[in-house]
Structure formats: structure tokens, C-alpha cells
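Worksheet: one structure, shown below.
Going by the order they are written in, the chains are A, B and C; count residues from 1 in each one.
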Amino acid sequence: MKKSVVAVSLAAVMALGSVPATVFAEDGAKPYEGVTLNMWMSVSEYQDGTKAVMEKATEELGMEFQVEINPGGTEGDNIIKTRCASGDLPDITNYNSGSLLTALNPKEHFLDITDEEMTQKFDDTFLSCVSQDDRVYGAPFTTTQAGAVVYWKPDYEELGLEVPKTWDEFVSNCQALKDAGKTPVYLSGGDTWTTQVLFLGDNYNVLAKNPSFADDFTAGTAKFATDEGALASWDKYADLVDFYNADSTAAKYEDGLEAMATGQATHWFILTQVVPLMIAAHPEAEENIGVFAVPGDDAENAGLTVWEPNAWYINKDSANTEAALAFLDFWYQEENMDLYINTYGANGPSCIKGYTLPDSVAPAIREDMQAYFDEGKTAPALEFLTPVKGSTCEQITTSAALGQIDGATAAQMYDDDCKKSAVQQGLGWE
Amino acid sequence: MKSKSKKSNLYSFWFVVPSLAIFCIFFLYPIVTSLYYSMTVWNFDSATFCGLDNYKMFFSENSLSSSIVHTLIYAFLTSGLKVVIAFFIAIFLTSKIRTKGFIRSCVFFPNLVSTMAVGLTFCALMHPTKGLFNVVLQAIGFSPINFLGDINLALYSVIATDVWKGLSISVVIYIAGVQSIDKTYYEAASIDGASAWQQLKSITLPLVAPSQNSIIILSLIGGLRTFDLIWAMTGGGPGFATDVMASVIYKEYAYGFYGLSTAGNVIMLVLISCIAFPLQHFLMKREEAIQ
Amino acid sequence: MKREKRRLLIADILGVLVTVIIFIIPFYFMFVNSLKSQQEANLLNIAWPSELHFENYSAVFSYANYQLLTAYKNSIILTLFTVIGLIFTGAMAGYVIQRRNDRVMKTISWVIMLGLMIPAAILPTINLLQKLHIYKTMFGMVMVEIALQTPFTIMLFRGYMASIPTELEEAARIDGCNPWQVFIQIINPLLKPIRATVIILTAVTTFNDFTNPLYFLPGADNTTVQLTLYNYKGQFSSSYNMLFADIILITIPMLILFIFFNKRIVDGMVAGSVKG
């Protein structure tokens, strides 16, 4: 059904003769018929939205796709590094931007796309996260997202609470929720990476206090244990220990998604990529889900910490770079971005200049998050500002979240961890 | 002299060559080259010599001492439990019961499933609120236990799973050992009026010593370099509560600190040999003394 | 007599009961959950499914263009050649190492035993495979698997050799057999029991190996069965029903192998079979 509609509309468009030359060969044949692109992504990226656009590309451009699943997480990092080192990457790889990309030394492995037409559409913040020596190597896979608090609006309405502007307000909201017999904060400690979000998502507040923190940190002069704002991030964990769900140590990301979309808990420190998944599982919850930034201590300056999306990287030694570029070009056609978002959803505002999210996107994204962007109150997460990230970060944040160590100890441990990372990267910390 | 040359004639050195060649080329050679890398800061493009800095850094690792302690607890406890539990299962399965075939097969089943699958399954069974173990505990009036979330308990929960999965090999080795004991010993002992327990203690136990030694060595070495199950169940957490040496090394590797993680491997090798070789020597001596 | 019979019966019943509780329930748990809907499987209980979802299995089977079939093919080929390689090279080496027992052999066996203690060096191995132009090939992967499992295999064969008297070989030699004929005609048939043990143990290890194929045999065409678990266990999503269906499907080949060799496993492990 769908296919025939596309075919009919294509025929109509072609009859009008307004087909962009880059998409179709002159005789209307599919220009990349017979080409198979090897793709590598994790199962979280290989979802319906991605599949829909890939299918459409096969229909219109002709190339076929063969997808290899990357395990993701620590294994994923491990395997991609190993395969970079052995010179064995597929045609197109989907991987993080920011410090994890820097660690791969992209100029050695990926195609320079600085001068491609599509690259002009990407906004500057994104570009800075996929560049090395001012050359661009990656193209955004999806929209931005934030490390923030996802919350259940009906609980706020029921108790007459206000969206907190400061950490103290947040903690007193939690106390009120607890007194009312609710689970104030959801912790999905079974997926340890999720425990990092409070710490990493607090970067706006760290930078608000000390705008040069990221640079000083990279230089090795600023430390989490000694910078006032940075230490405060770690101290926040201690305030929440009493507010968690009963299965906080084992709960998975999935469980959190389910609990939050059904109102079993009020707050969750999480990446906003969860929002489309929550709505897919529980469409009726769309209006009840809200997002606010991790609170700091200045009510006038509450801002959001933003993650740039994963990116597509083309193997520079691929035999199919032309087809790969054509596919990426196709990916950023407005109708195809709409197709992706209408199929899958959006994690946050787009990093494509001039592109506005379609109306299908949830209010938590289109209103709550967009407001911070409109006011300019956003800052990138630290991993997009410095190549240094401690290798055991999620273990330290889990320890802190479970109250095994206090904020000062955690900050000190994290500093030691980062030092190791910096030395291994040859940054010359001493 | 003469007999020796005859020996080497019959038992040609060439028989060892295929094994030795494959082993040396595909295992030993990479290990030896990695010794050099353990003294470098090694990323994708370059390896910069840094002497023993990696070793120093590895030893200054926050979680190193606790991970060594966890490794030792893990190795000795899994090995000890397997030695004791498998012995009794083997005795049970070499008695006259009729269901031994069935039971032995069941004990072997866990060995057929991959470690990752076992880890995922037991994580589900040990879930703090809805897992089967806690449902049962609550049904019989106990309060639920946070098997993998409690830092004081998580390591032992993984150890229990390891024993569950790895018991079968020990059982099989023991059964073979018990079966090869000459039946006349037992007949003589029965005539002398020795009880079943006495027979077990003074005939079976000493005579399965060779099997027992194999089990001790194999399971101890396996325990010292354990990684898969811990990684599948806890990833070293919660926090650092179940980090063992191999998981610390793995994480360094995954983060791209190849030199550092190689240094960790060397340290682990030294640790394992310091335990395994003297232990083996001791067990052999004991075995000779018994026989 | 009657009392003993009753005692045996009680032992039988107790033994089976304990076995079922400890060893069967986890498998039952996997099985029932593999037949549930995703929501129901998320509850992680052992209740019978309210509705049987046999289609989970066909879904797992056909996922990503019948990826599981490719994975079966690769894993079976890998396992087959690794096991064949090991039972030949391991038997030959174990035989001579046990029989000669001189200083050279002691050194060799010491070196090989190191293999039990250290994990493989990943990147240097990949470099090596690349230099030999066998990286990403089944041959290279088989060689690595053989190298990794050689120590344990030799240990088993050597231990078993100790139980075979040398008289036969010497008689055969006097009859004019060369060393190779002695091994093939005299020793090899006697190794049947231990071979069964080696086959099942090395096959299970290879078939269930997850990490080594991930490093040394990458690529969508080279997927092995353990990797298919990652289709259902992502960093951001996991579906237990599919996961357990997949676990069961990828365990079946080893189960079949086990049924074949079950009776013989113990025979190979004669006293002191595995001495370091």
C-alpha cells in the first residue's frame, strides 16, 4: 500500500520534471542499483525510523544495505577501537560524537566531509563535536538530546508542585512526594550508564559557575575535587539516597521507561532519548511526560545540558564512498528527516539549521526542551568539550548514587581516573 | 642410554610439532610481542616507550587492591565449593541409585549454555523485587535479598552461579576417579566391618586424590582469570564491588589503554603462576605421599 | 535387603527432587518466558504463559534476514574444524609428551600450560593474522581457537595416556611398525573414550565462544550464534521473550551433541586424567 503510494507520487513528481538532479540519473534509473552498503550500528539505532529511511533510499536510489549489529556500551567501544586499529571498518559506521570519537582519531579512518553540500546544513555545535583539526568527519544521525530530569506531570499537579529552578527546591519537592507516598526518584542502577546522567547532566551548572572549567580541566589545572561547582555535582547524589525505588540497584533502563510512562515514579535523571520510547510503549502518556533541566543553585539561570547525537561516519577506504555520500545526502532531505521523526520520534531539537520538528513530536520535547534552546540556556555535556573522560565513570556514579561513597570521595576517585585517561592520551598531566 | 634412544625413536618429536607450532604462532608469539607493548603508551597510531610507567600506574589504580582481593576470594571459594560439592555428588552418583543417568545429565546441562546466557538468566532470577528467588523467599516468610545489588553480597551471588554452571566438569572427573578404584578394597573393608563413612574416609578420599588435584588446579586457575560471568552479571559493579583483575584489565583495554592493559595482563600472569605452580608442586608431593 | 531397597528409593526421589529444583527450574524459566509476550516476560516469573507465543521462535529465526541461519552455519563450521584439529594435534602431542617425559618434553608442557593461565593478546594476534593474510577468515579463526584450547586438550590426552600400558607399543615395534603406524594402529583406537570427552568439551567451548569471534572474525557475514544475543539485548532495550527464545535455539546444537556423547564423557576421565 505504502509502496504504491510512493510509486504514484514519484511518477507524478517525475512527470512534472522537478526531480533534483542529484537524486536521479537522467533516464530515471536508480543510480546506485547493485551497490550494497555495509552499515554498522547498535540495535538501538537500527530501529523503525532508520529502517524506514533506508527502505526509501533503496526504493529511490537503488542501493541495498547490509547491517551489522554492534553490541553497544563498553563492548561496542572496545570492538570499534579494535576494528579501527585493524583497518576493518564497514562502509558506514554509526557511533558517538565528542570525546569517544576523538579517541578513535577520526582523520585516520573516516572520510572528510567538510566540503560536502549537506555539511553546510549542520549547526556549529554539532560540527565542533565531529571535527578534528577543523575538518568534519561525521553527519548527525538524529536530533540532539539532553541529560535532564524526565518527570510525571500528574504528580506535580496533584501536589501542586512547581518545576524546580534550584537544587534545594528539587530536594524539597522530592520530600513532599515521599511524604505523599510516592517514589520521588527513579534509579535504574541495573544499567549503570544511566547513573551518570545526574553528574554529566549537571555540566550547565558547572560551567555557569566557572565558564573556563572545561578548558582548565583538559589542561589538567581544574579538578572535580577542588572546583566548587564541579564538586557540587557529585554532592547531589548524596541528597537523593532516600528517595529511590525499591529495586534501584537492579532496575534496567527498560524498567525505568515502563515505570515512568505509567506514573509509578515522579523523576528520573535520564537522557531524553527515552521520551520517544516511552511514548511508543504508552501513547496515552504523551501529555503527562515533562522534562526539566538538572537544577543548579541559581534560579535565574536554570539551563539544560545537551548531548549531540551519534553520527554517521564513512570509511575513507571504502569502495562505495559515492553511494555512502548519496545515502547521507538523502538522509538530510527534509521529507526524509520528517519520515524518520514521524516514524520513530525525536530526542530533542534538531541540529540541522532551519529544520523545525514536525507536530508529531511530544510536548516534552517540542515545548519543554525547546524553551531552553529558545532562551539560549543550553551548554554541551563535558564529553563534547574535552577528550578526557574517566574510564570507570559509571562505576563511580553508581557507588555515589547508592550512597557507598560521599561526593568528595567520588570526585577524588574520578579525578584519579581522569588522570589515567589523560596520561594514556598523551595530554601531559602531572 | 640405549633405552632412551629407542624411546625417542618410537615417540617421534614430530608428533608434538603441529600442536606446538600452532600454539607458538597463534598464542605465544602475540603474547611475547605484547610484553614490549606493556612498556609503551600505545594507541592506534603509535607506541611510545615509557619504561615501567604502566606497571606503576596499574599498581596505583584505585580499584586494584580490592580487585585482587575479589579475585582471590572468587578463585578459592569457587574452587573449594566445587571440590567439596562435586565430591558428594560423585559419591551419590556412583552408588546404586537408578536415576544416576538422569541426574548426571541434569548436572551437565548448565555447561552446555553459554556464559552470557547463564548470566542473563541468573540476573533475571536474582532480581531484587520480582526475581524468582525472592518471590520464593518471600513466600516462605523471609525478607527479600538484593543478591546482585548489595555490595556485600554481589560477589557471592556470582560465585554461586559460577559453581552452578561449572560443577559438572568436576563431577565427571570425580566419577571417573571413583570408578577406577579397585572394588576389592571395599570388599576387604566390609569384611573387616568398616562402616560406609569409614570406607569413604579411608578408601575413597585418598584414592581420588589425583582427580581431586586436577579439579583444584583447573578450577583455581579458571577462577583466578575469571571474567565472562562477572561481566555478564554485574560488569564489576555495583560500583566496584565485584571487580576482579580480569575485568579491570578488560575495561582498560576497552577504553583504548592498550599498553596499560597489557601490563595488567603480565601482572595477572605473575600472580597466577605464583599461586598455581607452588600449589601444583605441593599437590603432587601430597599425592605421591598417599600412594 | 528390603531396607536397603527402601533407602535407595528415598535417595532416588530426593536426588531427583533436588536436581530438578537446582538444575531444571532455571531452564524451565527460560522456556516459559520464551513463549510469552514482551510485557508478560518482563515480569520474570515462572507462571505458564497466558497465551502461547510460538511465533517468538519464528521471529528470532527470521530476524534480520535469517541471520540466525548464517550464524548457525558459521558456528558449526568453526566448531567442527576446531574440534577435528584439536583431536588430531592434541592426541599426537599428548601421546609423545606423556611417553617421553624427558627434560625437553617437560619444558614444552610447561610452556603450553602457560596457555591455561593467560588470556590471549588481542591486538598483536590481529596484527599477526593480518600479516599472514588470514584475518577475517575461517581458517585464521580456527587456528586461534585451536591455539587457545591446545593446553587443556593436551592435558586430557596426556592424562589418559598414563592409563594405557606401554607393552602393546613395544610389541608392535618389535613387529616392525614405524612410529606413525604404532600411533595410528595401536594407540589411536584406545583413545576413543577420551576423544569423546575432548569432543564435547572443546565443541561446547568453541560454539559458546563469544569474544574471540567478535575480535578475530568480524563482519555481518561472519556472525556467530552468540552474537545473535545482542539483537535482543541492547544498551537501550532488551526483550526477554526473544532473548530466551534465542538462547534456547542456540543451545540446541550442543544439546544434541551432548545426547550423542553423554554416556562416554565419564569414560575418558579415568583416574588422574587431568594432571597439570
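Convention: a residue touches a chain if its C-beta (ideal position, glycine included) is under 8 Å from a C-beta of that chain, and two chains touch if they have at least 3 such contacts.
Just so we're clear, the structure is a prediction, and the values are computed from it rather than from any experiment.
Two chain pairs, A-B and A-C, are compared here, and A-B has more C-beta pairs in contact (counted per touch definition above). Taking the mean Cα position of each chain as its centre, A sits at the greatest distance from chain B. Chain B and chain C have CA centres that are 16 Å apart.
A separation of 40 Å divides the Cα centre of chain A from that of chain C. Each of the following residues of chain B touches two or more other chains: 127, 130-131, 253.
Looking at chain C, residues 122-123, 127 sit in touch with two or more other chains. The residues of chain A that reach two or more other chains are 75, 85, listed in rising order. Looking at the complex, you find that chain A touches chain B at residues 74-75, 77-78, 81, 84-85, 103-105, 108, 189-190, 192, 246-250, 391-392, 395-396, 398-399, 402, 404-405, 413, 416-417, 420-421, 423-426. Of all the residues in chain A, the ones that touch chain C in their complex are 38, 42-44, 66-69, 71-73, 75-76, 79, 82-83, 85-88, 90, 191, 193, 252-255, 258, 273, 277.
Remark: chain B residues 4, 7-13, 15-16, 18-20, 22-23, 25-31, 33-34, 37, 92, 95-99, 102-117, 120-122, 124-125, 127, 130-132, 135, 164, 169, 172-173, 175-177, 179-181, 208, 210-211, 213-214, 217-218, 221, 224-225, 227-228, 246, 253, 258, 262, 265, 268-269, 272-273, 276, 280 touch chain C in the complex.
Of all the residues in chain C, the ones that touch chain B in their complex are 8, 11-12, 15-16, 19-20, 22-27, 29-30, 33, 43-46, 85, 88-90, 92-93, 95-97, 99-100, 102, 104-105, 108, 111-112, 114-125, 127-128, 143-144, 146-148, 150-151, 154, 159, 169-170, 173, 179-180, 182-183, 197, 201, 204, 208, 210-211, 226, 229, 233, 240, 243-244, 247, 250-251, 254-255, 258, 262, 265-276. Across the complex, chain C meets chain A through its residues 42, 64, 122-123, 126-127, 130, 135-136, 214-215, 218-220, 223, 227, 230-232, 234-238.
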